[in-house]
Amino acid sequence: MGSLLAERDMLWDAFTTTLTLAAISGLIALVVGTIVAGMRVSPYVPLRTLATVYTEFLRNTPLTIVFFFYVFVTPSMGFTFDYKVAAIIALSCYTSAFVAEAVRSGINSVSLGQAEAARSLGMSFFQNLTIVVLPQAFRTAIPPLINVFIALVKNTSVAGAFSVFELFAMSRRMTNVYSGDVLGILAGVALCYLIVCIPLGQVAGHLERKVAFAR
Amino acid sequence: MSTSRRLFLTGTAGAAATLALAACGGGDSEEPEVAEVDASEFPEGSTMAALAEAGSITIGTKFDQPLFGQAGPDGDPAGFDVEIGKIIAGALGIAADDIEWVETVSANREPFIENGNVDIVVATYTINDERKEVVDFAGPYYVAGQALMVAADNEDITGEDSLDGKTVASVEGSTPAQYMLDNHPEAELQTFDTYSNCVTALTNGQVDAVTTDNVILAGFVAADEENLKLVNDGETFTEEPYGIGLALGDDEFRTFINDTLQAAYDDGTWAAAWEETAGVVLPTPEPPEIDRY
Amino acid sequence: MSSGPVLYDVAGPDEKRRERIISVVIGVLVVAGLGLIGYRLSLNGVFDDRWLVLVDVPPNFAGYETHHVWAAVFRGLGNTLLAAVFALPLAALLAVVLVSLRASTIAPVRWLVTGVIEVFRGLPVVLMMFFAILVLPGSTPLIAVVFGLVVYNGAVFAEILRAGIKALPAGQTEAAQSVGMGPFLIYRDVQLPQAVRMMLPSLIAQGVVLIKDSSLGYIVSYAELLRSISRVADALTNAAYLLPLLTVGAAVFITLNVLLSRLAVWVQRRGGQRRVAGAAVAVPED
């Protein structure tokens, strides 16, 4: 791991890039995914269809293909992004489908009486969703959402193969330059991912037990 | 992987490949001669004896470089590097069909050799001192030089000194990328996995120039003359001797490959291999002096 | 769990008409929006002759013809399936081993296995593939891909199985104990088979993730579907061809995965008749 210490500025840069990618894409995915989930439970068929197609399409397509699309194909369609921006779009798109699924199952877990009570007060679909159901849905959805976020942190590594200099890309450059210290470099990079992912996983597990208990 | 993949190939692509060879006339090549070799001719315990005994060899090469190593219609690579590989295999008594081609990208060539994943690497592989610490090189069998490629309508890049503030693409782990980092820190280096991805970025307008060896670039220009051009007709600013990478310390094998190359220089096989592949667009050079360090 | 509309009333005749009108309006807006995007894209030449690459490849430097393109697609699909076919059973095997060790009566073994599972789950699959290709002696791209898939999915399968075992009614274990079965036998003959059956839908759903992740092989130069088609685009040296080729690639993956997901639903339905699964339904991890 000596070579990583020697290049700790580069390591820090790469690590913060990984975290930035995850944080920004995570936020965008949360917003987009929640909207898509809302569309999916709405009374309007076209919105439902659109949302279903969107989630099914992205959930079943490999992230690598999504990346390829935003990095190399959209420019050939006349839209060019910076590589980091392209990576954020690809990650947000892909992750939003999983967010939508998590939120939707959260919505489904809210007891029927809640929505019925809201309806009996004359609330519209939109009021019902935003004021009554979603806040409760998020409580159950938080553990799965954390898991989605963990997956996102790990998925940022794909960006490394598409010209964003994050942890994985750094490990590739470093192992090439310091070929005597491959294990040390990979172990160091692995540690960076674990520092983020394992605690998050513990929190998710803890909350999951708590939610299960509360129900 | 090879067996199962081959099995699959025979089903679908095998027939296609035959058709292709029949169809594309000029492109199909005479396979280099395969020597009648008996494993016992080689010193006992040598790599040559082991390979000749096994009757197969695993060669790492590029799959995305026109003229040197590019996936052909049948899915196997074709180009000058590939021909060189066949010449060496042939000297070991191994037919072209018994070569297993493994795609190497710039960043994984050394580990592939060190781990024994491949027997040799013929992949536009520049001989340099850093690499010599971990692998050995036979050859060189060709000397290229770093050059610049830009969009056909680009007028403001005129050479390596006009790159300040420009975005230049090259491949992660390659010597040209390192050269850019060392000598042109004012230019923004954008690294990709493969040269083809660099070229895609250039045609998409995501980068201003692609830099790597002149012959690699020449292949891309030849394939898409409408959109791409070499800066100053391919003026080079470094020397990149291409070697054949093999395991560190295997001097016997290195000498054998060097002898094989020398023989190919002398009997015209080398020149023939060039003319069939890179020679389609590039003039035939004099074979370089082999460096038996 | 689809429980019919919860968030809005089943509409009466008036409401139904209103809803239909709004639906139509939204529908028109959606179609118009998509049309606008399509028009904008067509201005940029998206629907030009680049699609010919799928039916009638224009003459090119590399000598590719249409059937070569499709041969490359199928070769890539073959390699994708090959990696999955190796990785699935091996991951299942690893999972069973991990779960057994985790049920060990020796505490340090349990801790160690728990730690290993956490580490395997916490690392990017592509990093593990990269590790394999750099470090494992004699590894090929295929071995690297299978290694990454097995290590990660083995750990996830293990977690799914553990959730399944935990969800079994305590009576199962108690009954087995009362007939004198030891912990290992209980694990092997009573808990594991039931856990596998109960969690089969989750396991299949994770299989979808495995197949998708096989395309990370692109990054370690394994000639799976994506790499195979991108080689075609490379050889044709025209970035425009990436769109039609990638569309085909995505369609193949989606078809494959939708079929698998259907299988999961079918299995769930069949299993559901025997057991009311109020139990844990593990969400597949990506």
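Read from first to last, the chains carry the letters A, B and C; within each, the first residue is number 1.
We take it that a residue touches a chain if its C-beta (ideal position, glycine included) is under 8 Å from a C-beta of that chain, and two chains touch if they have at least 3 such contacts.
Just so you know, these numbers come straight off a predicted model, no measurement behind them.
Taking the CA centroid of chain B as reference, the farthest chain centroid is that of A.
Put simply, the chain closest to the centre of the protein, by Cα centroids, is C. Per-chain Cα centroids separate chain B from chain C by 36 Å. Centroids built from CA atoms put chain B at 39 Å from chain A. Distance between chain centres (mean CA atoms), chain A to chain C: 16 Å.
Of all residues in chain C, those touching 2 or more other chains are 134-135, 219, 230, 239, 242, listed in ascending order.
Within chain B, the positions touching two or more other chains are listed as 111, 193, 200, 203-204. Shared contact sites, meaning residues of chain A that touch two or more other chains, fall at 72, 75-76, 161, 172, 175, 182. Put simply, chain B touches chain A in their complex at residues 107, 110-111, 114, 134, 172-173, 190-193, 197, 200-201, 203-206.
Contacts from chain C toward chain A in the complex involve residues 1-3, 5-9, 11, 19, 22-23, 26-27, 30, 41, 43-46, 118-119, 121-127, 130-131, 134-135, 208, 212-216, 218-219, 226, 230, 239-240, 242-243, 246, 249-250, 253-254, 257-258, 261, 283, 285-286. Across the interface of their complex, chain B is touched by residues 60-65, 67-68, 71-72, 74-75, 78-79, 82, 133-143, 219-221, 223, 228, 230-235, 237-239, 242 of chain C.
Remark: chain B residues 1, 4-5, 8-9, 12-13, 16, 19-20, 23-24, 27, 63-64, 66, 70-75, 102-105, 108, 111-112, 115-117, 193-194, 196, 199-200, 203-204, 220, 222-224 touch chain C in the complex. Taken together, the chain A residues at the contact with chain C in this complex read 41-47, 50, 56-57, 59-65, 68-69, 72-73, 75-79, 98, 101-102, 105, 107-110, 112, 115-116, 119, 125, 128-129, 133, 144, 147-148, 150-151, 154-158, 160-161, 168, 171-172, 175, 182-183, 186, 189-190, 193-194, 197-198, 201.
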